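One chain, chain A, links the two complexes that follow: it is found with chain B in the first and with chain C in the second.
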Partner chain A sequence: MQRLRPLLPLVAIGGLASLPFAFAADTTRFWQGVFIQIFILAIYALSYDLLMGYTGMISFGHALFFGAGGYTAAILLRQAEPPSMLIVLAAVIIVGATLGAAVGALSLRVSGVYFSMITLALAEIFFILFKADDPKLKPITGGEIGLQGIVVPAAIDATTYRLRFYFLTLACMVGLYYAARRLINSPTGRVFVAIRENEPRATALGYNTLHFKLLATAISSTIAALAGMLMVLYEKSASFEMLSVNLTIQALLMTIIGGIGTLIGPMLGAATIRLLDHGLKGEFTQALLPAWLRPDLVFGIVYVVLVLFFPAGLMGAIRKLRGKTSRSSVERLRQAMKPKAES
Partner chain B sequence: MAVAAPPTIQAKPLRERLAPLVIPAVFVLIFATVLVVAPASWPKLITGILLPGLTLAAIYFMLSAGLSLIFGLMDVLNFAHGSLFMLGGYCAWTCNQWLDPAYPGHWPLTIASGNLRFIIGLVVGALVGAAVGSLIEISLIRPLYKRPIYQVLLTLGLVFVFDALVRTIPAWGSLSRAPIKPPMLTESLSLLGRRFPSYSLFLICLSVSLAVIIAVVLRRSRIGLTIRAGVQDSAMVEAMGINVRRVFTGVFGFGSGLAALGGAVAASFIGVYPEMGLEYQLFAFIVVVIGGLGSYSGAAAGALLIGLARTFSDHLVLETGLPTAIASASTVLVMAVVLLLKPGGIFNKN
Partner chain C sequence: MTPILEVEQIQTFIGQYHILHDVSLQAEQGTITAMLGRNGAGKTTTLKSIMGLTPPQTGTIRFAGQRINGLRTFKIAQLGIGYVPEHRAIFRDLTVTEHLVLAERKRGDLRRRGDLIFSLFPDLQRLERLLGSQLSGGQQQMLAIARALVPETQLLLIDEPSEGLAPVIIEQMMRAITALSEHTTVVLVEQNFRMASAISQAYFMLDDGRTVDHGTMTALRANPQLIQRYLGAA
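Entry: the complex of A and B
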């Protein structure tokens, strides 16, 4: 069993790559769509875990980065002469990194719950500005309607080449996962973890923790912006919903359900949430469940129960099954929310 | 706290003693600038900007005072506080609507007097809020005192549960419900030659009197002493032989009840809708962060600042033709500015 472990990622990637061919011809297109969304959400959850799980910073404004990536791509692609995809990609990365660094520079003056709340507030400013049906802002942001009818370069159009887009998002997800894994195992990543574990000690060891926290925010926001861009390419529209608190909460949910600080866990969490959502809203379960039991209510209750009784998430449960007694993620994050006003 | 002050405290530099005044001064300056850019006549300034600002502040205060006290005492950041506000609002709205004999499909039990329905609504709202709050503390928060972050995540989940619950209950539903004012407070008064709704004045009076009563209880009574001591060091209070856990539950219930009462009075002013839980949670956060988490007077100051900032920016936007979204974003901007100048909030002692 142990000797087969290195093969696990290959099996997983192979399984996902052959998945589109496993469904019947009439439903495969639909399921490809579901899995494209799962892959995009997994990238988004991954970026959140880098920040929350590894650096110990709980941001409540992560949707801002997702939305920023999405809106950047949408605005560029709606130009009369849209720039090439490479330029769009570069722009999204630049916007994601600068926005992350800027938000970090503002909010990293404080830590603990204060950090959470400042990020929430900053994200909310953008949400309000992009949602507003204001004559001055609407030409750029689209207001409540959002930006519709985005023309995606024909080669990666998800409507005509659904399967190609499926493999594109899968490749992005796998690539970004390995990049994140590499980052975590690098000396820089070790400092991230050191900050999470004990920031004063990391400072005492001579690390400028502010720089590392800024770096973590910038990397995380760039990955989230890329996820936002993929979402816009798939949906062919951008709306203010991408910037809403709900999306941040989604990131939190996926991370908690999957297991904080495991990278792969939040990605599994993304799949769980999306599939559960699909399952609960499907016709079959609608008929089974009493009418008053709304899917959202089930979801909320399941989440509360998870937090109460399975705080280590899916990965924690898997590790327990395999008999590993590693320190749970609960312990790791014990200090994270303690208020530390002046840093 | 009755701790003998060491003589060195008197030697505190003047600069430090004036520090809490700096930020209010900055805001007075900003408001003054706003008035220079977009001048308003005295009657308009008072009835059109100051009093509506105070009305908002009254709601924000009731909403957030409990949140701040709860955080100060037990380090729990309750994300469902806005949901309890909403719950209070829905309870009051239900009393006003479903107990009305003139309403088609009213409940078997009806009360003819609109004023009485209103008062019952306030009482029911506050009591339900306090009961649900205590219940949440006992059943869900208490097992998690050793894992503070999970308290945050759990109460965040409760926001969803409350939102879905409101939509599920047939008498409430997903629709947004219009405010119902009691007959005794529907008219508007004449103030400085302009009209001003009497309900807003009632809101301001209620909130101010509650603020004063709570402040007196906190400063002068034994339970207030326990709470203030608990905010400083709850382990020490426990070592003194006081059952801190019971105080925790009490303060959690009281804070929730206060928020629910705020929701109940606000329901006759802004109406009720399922999304208001999260929306007002954000306002509550902004208020307590500005004032300094855990500080009671901070919550009052934060509420005042945010209420006034909102109406002042509304005025500025209307007069100068700036995008109206800026007015909605102004509260958040104020918070960002305060935190950049004084990261712990205005009343934080660190």
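Entry: the complex of A and C
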């Protein structure tokens, strides 16, 4: 078993790459769509885990970065003469990184729950601005209707070439996962962990922790913005829902259910939540469940059960099978929410 | 000879609490200086004030002649002051090697200082791959001191190295601190008077946030009344 472990990523990637061919011909398009969304959410969850799982900062405004990437792509692609995809990509990266650094600069003077509150407030400001029916803003943001009818370059149009788009998002997810893994194993990644564990100690070792926290926020927001861009390319529309606190909570849930600070866990969490959502809201299940048992209520029960029985998330359960221990999500959340003490 | 560390009449508040009222302290180059006093006398806060973790409101702190109070903590650390906090503050999810690499300030610090560190703490070499959470209390303490020695350190502040350790480990720690004082000046906070008096040359006595007495350790050992008065039993 131990000898076969290095093959595991290959098997996983190979499995996902051959998945579209495993479904029956009449449903494969639909399932490709579901998995495209899973891959995009997995990238988004990955970005959240970099911040929460490794640097120990709980942002309540993560949807802001996802939405910023989405709206940037949407606004550029709706121009009369849309720029090339490469320029859109560059713009999304620049907006993501700048916004992350700016939010960080405003909120990182405080830690713990205060950091969470400031990020929430900043994200809500943008949510309200983009939803507003203001005559000055609406031409840019689309207001409550959002930005519809986005023309995606024909070569990556998910309607005509769904399978191609499937492989594009899969490749993005795998690439970003390995980039994140590399970052975590680098000297910079070790400073992130040191900040999570004991920030005053990290400064006493001579690290300007503010710089490292800004870097973590900027990297995380850039990856979230890329996920937002992919979502807009897939949906061909951008709406204020992308900026809502619901989406931030999704990130938090995916991370907790998958396993905080494991990178792969939150990606599994994204798949779990998306598939559960599909399963519960499908016609078949709806026919089986009594009317009062709303899908959201079932979700709530499932989340509670998962957290009770897998306190360290899905990855924690897998690690337990292999005889290793992990800290519970609750303990890690408590540590992250605590305003940092001295020593 | 001018002392490498001079603390002059500092006052420190934590929140609304006035912790240090008037603390002064000097440490001569190449010596071990012990800071003594009861629980709550302000010893730990004095170390934190030096590191800028709880910056003093008045008074001055000079290191190698340069005024350092008001600087940010990471700047103070970069000047060459190592700090080994109480409770050791080991990162539980990093390995022993990762702790040492993390403490590098310039690439290659660990390679240059590795021989010194592993001669002081030979055990660490065999524990390299263990996580912080897998080490015993004594091993964590050794790692905490080793980590502070990775960059060129002119001054090492150690808070309660004997806390919670078995007597045989304390002996080992005393030998290691004595040996490392050949390379760096040490300021030691210690409740264990026997250990402090065995290895340090000078002492500063703190009581209720004030420096109340100081001198050579030889003089203190000859003055049981003073020990009785400020430390309780010797």
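The rule is simple: the second predicted complex is superposed on the first by the 326 of 343 C-alpha atoms of A that agree within 3 Å, B and C clash if a C-alpha of one lies under 4 Å from a C-alpha of the other, contacts with A are read in each partner's own complex, and residues count from 1 in each chain.
Just so it is clear, a contact is a pair of C-beta atoms (placed from the backbone, for glycine too) under 8 Å apart; a residue touches a chain by one contact, two chains touch by 3 or more.
Keep in mind the model is a prediction, meaning the values are calculated, not measured.
Taken together through their common chain A, the two structures put chain B and chain C side by side without a clash. Of the two partner chains placed by superposition, A:Q148 touches none, neither chain B nor chain C. Ranking chain B and chain C by residues of chain A touched puts B first. By the touch criterion defined above, A:R190 reaches chain C but does not reach chain B.
Of the two partner chains, chain C is the only one touched by A:N198; chain B is not. By the touch criterion defined above, A:Y114 lies against chain B but remains apart from chain C after alignment on the C-alpha atoms of chain A. Rounded to the nearest 10, the superposed model shows the Cα centres of chain B and chain C diverging by 80 degrees about the centre of chain A.
By the touch criterion stated above, A:T209 is placed in contact with chain C alone, chain B being left untouched.
Here the smallest spacing between CA atoms of chain B and those of chain C, following superposition, is 5 Å. Overlaid on A, the two complexes show chain B and chain C touching the same residues of chain A, namely 342-343.
Across the interface of their complex, chain A is touched by residues 71, 75, 77, 140, 143-144, 146-150, 152-154, 156-158, 160-161, 163-165, 167-168, 278, 282, 285-286, 289, 292-294, 323-326, 328-329, 332-333, 335-336, 339-340, 343-345, 348, 350 of chain B. By the touch rule above, chain A contacts chain B in their complex via residues 58, 106, 109-110, 113-114, 116-118, 120-122, 124-125, 128-129, 131-132, 134, 136-137, 245, 249, 252, 256, 292-294, 296-297, 299-301, 303-304, 307-308, 311, 330, 333-334, 336-339, 341-343.
Touching chain A in their complex are the following residues of chain C: 44, 48, 51, 53-54, 72-74, 77-78, 83, 85-87, 89, 91-94, 98, 101-103, 105, 147, 151.
Chain A contributes residues 187, 190-191, 193-194, 197-198, 200-201, 203-209, 342-343 to its touches with chain C in the complex.
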